[in-house]
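So, here's a batch of structures to check.
The following pair of complexes shares a single chain, chain A, combined with chain B in the former and chain C in the latter.
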Partner chain A sequence: MIITDNLTKQYGEAVVLNQLNLNIKAGEIYCLLGANGAGKTTTINLLLGFLKPTSGCAFINGLNVDENPKKTKRFLAYIPENLMLYPTLSAVENLEYFSGIGGKSLKKSELEEFLSQAGLQKSAFHQRISNFSKGMRQKVGIAIALAKNAKSLLLDEPTSGLDPKASNEFGQLLENLRGQGVAILMATHDLFRAKEVATHIGIMKNGQLRQEFDANNLSLAELEQAYLDTMDYKELVQ
Partner chain B sequence: MYKYNFIYELKTLLRSGWIQFLSVLLLVLFGFASFNGSQKVEKRELDIASIKKQVNESDQKMLAQLDSIERGLNVNASRWTIPSGPTAVGNYHPRIAAMPPSAMAFIATGQSDLFTHYVKPTMAGDDFALNFTEISSPVQQLFGSFDLSFVIIYLLPLIIIAFSYNILSSERETGSLKLLASQPISIHIWVLQKIGIRFLWIATLTVILLLGTLLIFGGPIDSGTMFSFIGLTIAYILFWFALAFVVNLQASNSAKNAITILGLWLVFVLLAPSIINQLGSTIYPMPSRTLMINKMRTVKAEVTEKQDEILDNFLRDHPEYAINDPNQSRRFYHRYMASQDVVKKELEPIVNEFENQLDKQQTWVGKLKWISPAIVMQQALNEVSGSSTKDYENYRGQVIGFAETWRQHLIPFLYNNQSFTSSDYEDLPSFTFKPLTPKTSGISALAILAISVVIGTLGIAFSPRVKSSKTLLF
Partner chain C sequence: MIKSTFIKEIRQLTRDGRVATAFVIVVGLLAMAIWISGKRYHAINQEYREAKSTERAIWDNQGDKNPHSAAHYGTYAFKPKYPLSLLDQGVDKYAGTSIFLEAHKRNEAQFSMATDQTGLARFGDLTPDFILLFIIPLLIVLLGYNSFTKEHEMGTMALLKSQGTSVVKLILGKWLAIMSPIFLITTILFLIAGVVLSNLDDFGVFSWESLGVLFLVFICYYVVFTNLVLIISSRVKKSGIALVFSLSIWIIACLLVPKISSNIADTKHPYPTRQEFAANVLKDKLEGLDGHDPWSKQAKQLEKEVLAEYGVDSLHLLPFNFDAYRMQKGEEHESEVYLKHYRFLKKQFAEQSEVYQGLAAFSPFLPTRFLSMAIARTDYATHWNFADAAEDYRVKTQAFLNNNFAENSSYGEWSYRASADTWKKLPPFEYAPPKLGEILSTNGSNLLILSTWLIVSFGFLFITIKKI
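For the complex of A and B:
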């Protein structure tokens, strides 16, 4: 479960996140849409404990992130926009390393199973990451989350730069994770992918959550319109 | 976490071309420096062997001449070089006072390229003013040869810097730091472990290389000296890793980190020794050597004018020589040797002035050396290799002592007008150098170790970015 309660972040006078309230339950995918600087990444950084909130709280699995930074990370997986792993290590080795330092010791067969579940081709298991495409690296990132048995997953622009096929595969992986009861928060610019995978969608602007939708009750066109309305693009064009 | 950090850092190191290159470079530098140092040691040994051979040949010639004289044959030589005369033995057949290199001499050239390693003190020589007073730069050795100490003190820190300057910043720049930070770990502990593993890598590699070079180039070495040497080097490596750790915790970008650590290298290795040296020379300047030589000449000229009076005084102080000389035959050397004591006494204050100033310079450097571990290391390595100022002072003291022994052995022959015979040859004193035992290298190693720990601890305590770990990532 991912909860934010009036979560606010200020740098001096500048309010970059203003009283954000989210409640993402197990088995839900919440997509945060918004232009650059809307506050999406700040939200994720606050949930990861990388930033200290000015006011309000963030909760992962019922634990206050600011008070329990290490404990909350045990239930949490994170995939950044550009997932950079160790290029001289193979996929299996990267997975073993990140699982190991997180306190999980896994057998080789288990590591390979997680990579398979994440959709990585078997032939790539023992190849060095330096030869991997971004899509393949994202799959290793998903495998890290699976190996960690994370209850919450935070994704920051995970599909940017992915080709449509890779993006589609990534969407299917998220579906699988959702089916396993993982609460997912994804910050993205990709309206199409958001509509495809999300259970809930929120549109942010200037640090505020302006609109929220149940993704099942919204068409892609309606979503696009709502997004443009929120961003005041019409006014800008006029 | 440590197990996985250790295994995968090791894998990464072994697979990194850059790290492999640095490791090979270290091997090449150690090999070349050790070879270079051993060549110098070999030359020194050959020089001493060659001069010993010359003396041996000269002795054989002397014995042959003595044998001819004792059989009543004529000897074809200048009158003053015929060895039946004690002054001829004392001046033309002196012994060798040599300082052989220690088993670990190849490590550090130290003062060995400034001073001679063998002296032939003669009966009439000015041994009390032996040419050891030229030392005016107690840390001149820091700008010395390409030997193992140069590699350890100057170049090894640069390799450590290349190994460790961007441990954290590169993770930040490539983007993997956020992924790491999303794991339930402390980034500071992670950096400490990572830098610790790299320290272990360099330290292990260095110890293996040192043991290898000691095995190939060193002589029989006592275990205490060997452990001191290895301990010192490990402590010095730790010092540079401690600095790198602190700079890494500042979490700046890689370029800024590199410049900062290189700046610290410049301060500790070049600037601090140079400034301390310059201040030492300015505060305690060495007296003029020309002035000393002039004074010596003046004193000798004055003494020459009063030689008869000096000889009378000398014989009054040594009645045993007057009694044993029925002819009272007194020639040049009787007067000269008697006047030597007077000259020595007259010049003592000037010679002492050199000694005192040198002592003061040494004390100055000794007090301030803790500012820079590079100075501590250089002094300790010189001591381990037997090429420190203290070692040469010890040698000088022994040579002066031996010169006096040599003179005192032959003076009774001179004043008793007694001929030197082949049977007296065996009784001639000989010189055996007694080296100092390195005493401070263990303390120096512990001191550098303590400095490293303090730097690491203060770095953690006062690093503003550590207090707020969240800012480490951005």
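For the complex of A and C:
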């Protein structure tokens, strides 16, 4: 569903992503961990077609992103770190618009159903987004992905700034999507949440994927140690 | 997708307090402009009705009188009322509404509204054309300046792009959302104007065709402004900068370029002052025959020629009154002098128009302004056309009176009185204003410039799509 094949991005001499190889299948959640500047967001931007790769390829649903920038977007949904929606529109209206530009004309009841599935409380459906917390906005983002029936989901630091309860709810939503066969790539700093939701975890540093794990065979402590080792934090501490 | 974007944009616009306030202000101004035009209609109509009915009656009922006295008594040519002048009063306010027709002299139109107003009138009136030409483009700026910048500022652009949104459809949706309220306001205004004007049976001949063409001209003008505002919004990242650039375009197009054009046109092709014009006319008049002066060199030469032509040695033996004949010849000379000097004014006017058209490349306002005035029959060209027709009528009137005097009396018979029914034989002044087809063909260059603005602005808009 989400594949990168030696995906590389360079700005002049600076290599910000170096030969990244990922293969995220339907029903998998792949968490990319790494410090700022590790190349996580660049990876997502290359998968979205916002950036052109210097070499290598990115594939969504079997289609080369660079060659089919519009087609591949039909199969994916994206939730940025700080999901911003139209503040003067309600949750239903925002969802209606984003579904509409994706070519789907949904009835009001269907829109409400998607919001409900995304975990948004009913009383918020017709409230303006300007009154929403980040967690509530993320739920509308999930509803957009659900309404789109996206086969792949790209998340860039989705839990940063969320309180533990909202973060936990978000994790459960991702579990639900995984259960529906969605391939999910999540860039995050949040080791705990990554361990909670991921099926696979990769640690990036300086544009390179340094380590990969099957999340089921790894404890949180082991993940934390691996992360610190990769980042050379021990040396820093000493 | 176009529909989704359109609905979203309209929702945002209607919920934005600033836009709603601006909209209410424009509609309020429009209502006030219509009310002011209504007042103007009543004022013009009353004056016109009174003047026209009494003037012809006075002419017809002069009684027994010497025809040359009647020529000096004079009459008036009234400019017809054009229904669309209530939408765009053009130069009518300054050019005057009637011309006094008398012997020996071509007069300027008089009784302009501006002469009855205070200096404050120079700041412009709140008329429909002011709203259409200045205020609605300003509303377009307010509606559209942040069409794209708000997507960047709110952070929604990335989400939009991730949806695989077609930028062409996105722009079309936003374009429609800006144009729809503008189209609605303009349509309502023109429909009200059409219904009201077509029901005025005492204010000239109304033409739905002219109103329709005028409507299309303004819609093209607004489309150009919408395109320019969207181009700016899509090329800059911040709403504040987009607003400054859009307002600058409005200032340049609607205020600066027209003023600069006017100054350049005036400097390059100046009109003579009223005093210079009068002095030049007088100088040329004095070089020819004065119908009232039998002792001048020219009069003596004419006398010699006429006597030779008729083979007689006394003016008393001529089969007509030579005094009247001489006055007619003097009139013909004077009308030639006026023709020459007015031809020069028209040449200056044509050259000034060329300057305006050259500078219209920097402002869609100029071709729209000229087309609007022309279609409303309130431009200078129509005014010249009317003034020429009035002059032609004056010349024919003088010929009618002088010939009557010459044919019905003998030399020296200044006591001759034409009968009271003579005056009714003079056909009343009839003036047919140029038809819409003629107006459009003489304004072909303005239509071309506006069309070029339309095409080029669409071109630039779609080029900018690639950069979004």
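Here, the second predicted complex is superposed on the first by the 238 of 238 C-alpha atoms of A that agree within 3 Å, B and C clash if a C-alpha of one lies under 4 Å from a C-alpha of the other, contacts with A are read in each partner's own complex, and residues count from 1 in each chain.
Going forward, a residue touches a chain if its C-beta (ideal position, glycine included) is under 8 Å from a C-beta of that chain, and two chains touch if they have at least 3 such contacts.
Here the structure is a predicted model, which means the values were calculated and not measured.
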Joint occupancy of chain A by chain B and chain C, clash or fit: clash
Partner chain in contact with A:Thr88 - chain B first, chain C second, else both or neither: both
First (chain B), second (chain C), both or neither touched by A:Ser55: neither
Chain B versus chain C as contact partner of A:Gln172, first or second or both or neither: neither
First, second, both or neither for A:Asn149, with chain B first and chain C second: neither
Partner chain(s) touched by A:Glu96 [first = chain B, second = chain C, both, neither]: both
Superposed model, chain B segment overlapping chain C, candidates 61-69, 259-267 or 295-303: 259-267
Chain A positions touched by chain B in one structure and by chain C in the second: 48, 50, 70-71, 73-74, 76-78, 80, 82-86, 88-89, 93, 96-98, 100-103, 141, 144, 154
Touching residues on chain C, where the partner in the complex is chain A: 1, 3-5, 7-8, 11-12, 15-16, 154-156, 158-166, 169-170
Chain A contact footprint on chain B (complex, rising order): 1, 3-5, 8, 11-12, 15-16, 174-176, 178-186, 190, 468, 470, 473-474
Chain B-touching residues of chain A, taken from the complex the two chains share: 48-52, 70-71, 73-74, 76-78, 80, 82-86, 88-89, 93, 96-98, 100-103, 141, 144, 154
Chain C partner contacts - residues on chain A that touch it in the complex: 48, 50, 69-74, 76-78, 80, 82-89, 93, 96-103, 141, 144, 148, 154
